[in-house]
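Taking it in order: structure first as structure tokens, then the write-up.
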């Protein structure tokens, strides 16, 4: 079920990480992701683990909650581990049937597993501790420099925020239309693929019609409330850096420096 | 000076085929002239398709007259440079509660208008708190709009308009999609704004019992103004209302029938209490 | 072809912290040919309850019997149930999807596996029943007015020729004219096809005129199940629930409180006028 996916859901709690400026969290996440790719040894991963573990503990998000989010990617994880395990050439450790596991394979596969796990956990820490609004605000402000390259940053952020607001509404609507068509004898559970695809037409058309109607209504309502793009707009809750944000930046840079050093000297 | 004034307002919807040739013209509003004084509570009644929503959209400069003119607080809506001032002066609340809330948190939605107007941050926070209190939604300020009832959502929308400090609020069938409880909540909030804040209200509806508190009522039919007067004057004309197939409150309809059967009852009975009073008078004389 | 609802309970989000009871231990029986009004305000559980009648929702506990057989026992064909118990959802016009009105109405009977001829015949009959003229048959359903769209959507369910027709707030959002026309055509549908009708609504005035039995739901439970007149006797309790009684019934209560000797079991304006004239002449 869709609601089992905790990946990316906001987890309300009172923690320093929750209170950090979203730009810091975005930057921190980016640094963390990059660091995972510049590392080529286990010492680097140990350092990354320290960083991640500290972040998780400080964030007060229960580990079990984060783990539940991993359920969604478990297949991806197993798949990539298996591929790497069996497909890497090198010194054979075990072999059976047509497959063989190599020393290098074990090495690469475990690297891969750690990388994916850390990647997902690192980015979920960000989404778990940041409300979607805050996140869009952070993106808008944090990527503001892209405006000089004529990237419509404000518009993209506004679109994201509207999408986030309407996703639950459209999900509910999908459920309702599905039920209404089922009441007219529609069969959404047919085994045959062609039939199944065809059965989606009575669901998708009303859904599109409704989405367009909503979009139209919303555009009118936004205009009626004087919306005319990002120009001249003020913010109700402007983002302002605090002391703790500066400190967080320092820690992030220190971590990045540490990772680079590890790569150079080990 | 009038807050809203229309002069010979006509609006045509033009349907075009795929090549852009005119297929047909529907005149939604036909030569309507009306004026609204500051602080008035106006109700506009009529069927779907009577042109009442089209008329309303002219007041917020969402639609522009095909012929004639619309003035909002002295500003001509046809003049481009007035556009944003007009939208600040005359706020608008729409029918569907879901499709007009932009924010993911109640207070952020209410702040949307002031943000667009470039109001400084401190003042936005003040305005948002004030507006939410005015419609009785302050305690919900941190909630997600998706968790509110229809009536609550509409009150948030009203607060969103209120935070722009308009002189006039146009509500286009704000109660059509609500249940009776939600309907009452919205009408109560709107009435309070009119009484306490002296904001001009233009309420468009097809529920007769919502217009009882209005100062003046316009009944629209086929793009024209078919009737105009105080609620009591309008409700005195039961036969005309029935001919337009509008709802007449059951009490009003009952009093009208009693009068036809020879009882000496005044015209335009609006409430149960008035009916009781009138019957007492008949009984004792 | 009666429907029996037996100790039905439905919980949303079972096993999560957001669990809530939508329908709580509800039992009642729908007899052939009844016109039932199911009343309750938003969130009272009425919409959830009716979705069990055609097997769209499965009860958390309890059962639904159609024609003496348990609907959820596994070998009951839910498709057959859905053709016998037609359910019209709120704002049914949102389910329209075909390129023209007629094909949209054909969707239901086509899903039943009927022949083309039979399908078209049923669609034609259904459209006529709800008062849609031939001129509209080949128009896009999206070009119709709000009231017409809703009729077409209802015809889409009627074309399956259900023995029980359940409508969830069919008049929501319509103007008074559209509402009266729709209720009147429902009455005609009932007279012509003899089907059972369950009308879900929050308007006492609508239901009072047409239903011969009213079921009132509040906080997931059935609180009253009786004839309209008997249900409206609970004037104070209904008011407390935020439902009230028809305006005219309420006025009769006020008159009685003011010392007039009028009956209070009155639900139409005409009856009220007669009753008042009677005491005034005396």
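For clarity, chains are labelled A, B and C in written order, and residue numbers in each chain start from 1.
The rule is simple: a contact is a pair of C-beta atoms (placed from the backbone, for glycine too) under 8 Å apart; a residue touches a chain by one contact, two chains touch by 3 or more.
Since the structure is predicted, the reported quantities are computational estimates derived from the model, not experimental observations.
Chemist: How are the chains arranged in terms of who touches whom: line, ring, star, complete or other?
Modeler: complete
Chemist: Which of the two pairs, B-C or A-C, is linked by more C-beta contacts?
Modeler: Of B-C and A-C, it is B-C that has more C-beta pairs in contact.
Chemist: Distance from the CA centroid of chain A to that of chain C, rounded to the nearest Å?
Modeler: 44
Chemist: Counting only Cα atoms for the centres, state how far chain B is from chain C in Å.
Modeler: Spacing between the chain centres: roughly 30 Å.
Chemist: Which parts of chain B, given as residue numbers and ranges, touch two or more other chains?
Modeler: Nothing qualifies.
Chemist: Where on chain A is chain C touching in the complex?
Modeler: Those in contact with chain C are residues 3, 173, 176-177, 179-187, 201-202, 205-206, 209-210.
Chemist: Help me check something: in the complex, which residues belonging to chain C touch chain B?
Modeler: So the residues of chain C touching chain B come out as 41-43, 145-147, 172-178, 180, 202-203, 205, 242-244, 246-248, 250-251, 254-255, 258, 260, 269-270, 272-273, 276-277, 280.
Chemist: Show which residues of chain C lie in contact with chain A when the two form their complex.
Modeler: Touching chain A: residues 13, 16, 51, 54, 56, 79, 82-83, 86-90, 92, 94-97, 107-108, 111-112, 142, 156-157, 160 of chain C.
Chemist: Name, in rising order, each residue of chain B that touches chain C in their complex.
Modeler: Listed in rising order, the residues are 47-49, 149-150, 176-177, 179-182, 206, 208-209, 245-247, 249-251, 253-254, 257-258, 261, 263, 272-273, 275-276, 279-280, 282-283.
Chemist: Inside the complex, what are the residues of chain A that reach chain B?
Modeler: Against chain B, chain A makes touches at 131-133, 161-162, 164-165, 168-169, 213-214, 217-218, 220-228, 232-238.
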